[in-house]
């Protein structure tokens, strides 16, 4: 099958930017990884007041460098992709777009009245970190366990929300404005801070009744943290069980994972295999 | 069997308000769900000072709207229920009553001297959130696991209470009034805040001895959080095990849940089945 | 066998105060339980400044009431015990003595300079709560699991102590006196507060380096809390497994616990049995 | 085989300082353990301002005592070791060097301008605590379980870092400088403090939007703490399973660990055996 040189180039680029099973593809991935990390670092540094005042021009230059690089990467991906529209509207495609778009938008929105919007847009570039999800391979035990416990965890979170709503309201009645419980939403915020055992202390009960109710809430929170843990442990055990390596001959599970021979049928195992677990 | 038109109406209403296996019943449930959520939102908004001052008339109007709607719902439920008294004194029946009663009570208790009582009553409407429990189906693994670990968890909580009582008292002796440990109940409150790893910081030890004792308490709290988690994990594993789907022919457990054939006897499984787990 | 009426009385008292398998013995235990709880409550109330000032005479009266009651209980226990000396020097015997001794000591040590000592002694009566341990039956799964995980938990706690020592020292070097890290012991106290996720916030890092190190410590603490939990979960699963009810005929484990017949041999199970689990 | 007296001495010293299976070796270990603990205590005490001012000469004397003792120990270890270079560059060898080196370095760096460096060097002696690792025997279940869960825990920590980066940036946009969110790195520090449920409260959200986002972050943190726990629990269960004691005759696992006879083949078990678990 003869390909036009244009098509040949398109496939070559595809191999480099989308795949990582060639030396060039691996190098591209590695360079991209570091570019993403440095571009996020520059967003961080820009936000530190003392650095912004002294090195603004350097940061701006780096910013334009990253914006242009990520634009080129985006164009290459669209050009080489077999189904460009599918890529553009995929999760990773949108992330790639967000990675350079704020750079150009800040060019048009330079008026003083748009300042907050501009700042927000510029910081959105931190979402570039999601580009790293390209480097996390799918289909692992973690996500399997989380997906199958999703239903139970949602029921659990709904119960917690119901609990903090009721206790937050009671605390608002008991404590009132004096101790910082200025409204029900704020009291619910306090109840979440407490039940999750975060405990900032920016709002804390001052009356004996409030401290008693808070103590009960804390002990509840301390006790029920066991529930999501129990859910995930059980699902993780099940997912691990299902993902366990089996003998090719007799299907008996292999113990330990470094075994040279099957402990059941005694057949030799065919060399090292890459298993995720 | 001939039914009077009155009885026919009663059964029709019953199907709509109590059941959710007809289109009308499902719509009723959905509308009710949103009404509950909006009525709780209005309680929240009323508690925020700035909103209360500017939009009080709107909130009051919404409040009367919800009170009347929930009254009508309550009357319909009593009218259509086969055993009205049983419904009235059931958990859900009492919740339904609390959902609208404070609205009318606030009408009679408008005197300035009852202000606190009125506020408390009006806020009790937040308990309407418990009406949502109608939408959580019973008999799930979570509640089974929690019920069978109840005994052990109570023993655990009693041990924790004994521990915080003793350490709270010791801290009151060691730290005294200066650091905020003003009485034994307050010291016990501090010990609960500490052992549950909440740590507000409104009260914290200042003397070396107090900090040493606090450190010990924290490490104990950090270690024993494993206990309820272990209890619930084990019970959850057992409940999951007992709820596992079995093959209809040979009773072998089905792995994975999406299997088309039984892995033991090889018989085809009869279509998709709704399983809770 | 003929007993002197004296000996008969002694045995009768013994059955009431030491045993709880007769109605009188159970009543005695119940009354004692409430007396202990109320006597602890009176110690708590005495420590609250506002209550002490207003109701001192009532509290003192209650105090003498409890002191005399517990003295009588102590005398009865010594009188009826078969081996009085063994009882006196047993753990519970000493707790019983401490329960009323401070009451009399406060009579002789009324000088202002002994006040704090007296107060300390009086608070020791809080150890009366340990008498409640009489009401927690031994030999349960919790303590079995904790005992067999003891070795691993000690190794874990030693590792945590090593870690907080090193990180505490590093923070003392990095942060210095300004942020409250005034000495290495205080810095270690802060590291314990942080790694256990308590987080009072009375001391918190202010320099970028300190905040970075603190972040690392927090993530470590968040990750390794899994370790004791994992240890206890596994031991608890093992202890539960070993405590599981077995069929009397074929020794197969009984599932579910409410089963009427053994699922293995089909023999009927002999009525309800009280099992601890 | 005749050995020169020099070589004989070398081997004798080796038995004492490196091994602990002779009375002399055990005594050496015990003395060393206490010397390490006391030397760390002296570092702690020196850092407390009030103690440093009053007892400086005593602490300095103790410091030189420990420095010289650890130097002698180090020389003995090098002298008696069969492969001195291997020992010097081993982990424990470097720890042994760090234990006394700062003592001598502080002699040369006494100039006022090196003050911070000197202080840092002197405090490095706290790393002597790592010498205690000599007393923790390798090959235990804990480290096996941790090692095999390493891959999953790293994926988990990377996900957490991505999450706190995004939420930290959003909070910086929402809250701004007023509430202490002065830069993105500080906001990320806050997000770590929150998601790990530490919650110092030195920085906390003040706007309703910020409190809402913080609440979501807390509930996420509360939910996902289950993930590392689940990972480690499952691995710990597996490691325990693999380390379980087997019957010498039929290889059936032994239950309970105190069993006198194998429950499978009925053969008597050959006396007490030291098992780690």
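Labels A, B, C and D are assigned to the chains in the order they are written; within every chain, residues are numbered from 1.
The rule is simple: contacts are C-beta pairs under 8 Å (C-beta built on N, C-alpha and C of every residue); 3 or more make two chains touch, one makes a residue touch a chain.
For reference, the UniProt names are A, B, C, D = Voltage-gated potassium channel.
The shown structure was predicted, so the numbers you read here are calculated from the model rather than taken from an experiment.
Shared numbers divided by all numbers used gives the overlap of an interface; between chain C and chain D this overlap falls below half, so the copies present different residues. Taking the CA centroid of chain D as reference, the farthest chain centroid is that of B. With each centre defined as the average position of its C-alpha atoms, the distance from chain A to chain B rounds to 30 Å. Measuring from the averaged C-alpha position of chain A to that of chain C gives a distance of 42 Å. Chain contacts: chain B has residues 156, 185, 188, 197-201, 225, 229-231, 233, 237 touching two or more partner chains. Touching chain C in their complex are the following residues of chain D: 40, 43-44, 47-49, 119-120, 123, 126-127, 129-130, 132-133, 136, 140-142, 145-146, 153, 156-157, 160, 185-186, 188-189, 192-193, 195-202, 225, 228-233, 235-237, 240, 255-256. Those residues of chain A that touch chain B in the shared complex are 152, 155-156, 158, 162, 165-166, 169, 172-173, 182-185, 188, 194, 197-201, 204, 208, 211-212, 214-215, 218-219, 221-223, 225-227, 229-231, 233-234, 237-238, 242. Of all residues in chain C, those touching chain A in their complex are 197-201, 229, 233.
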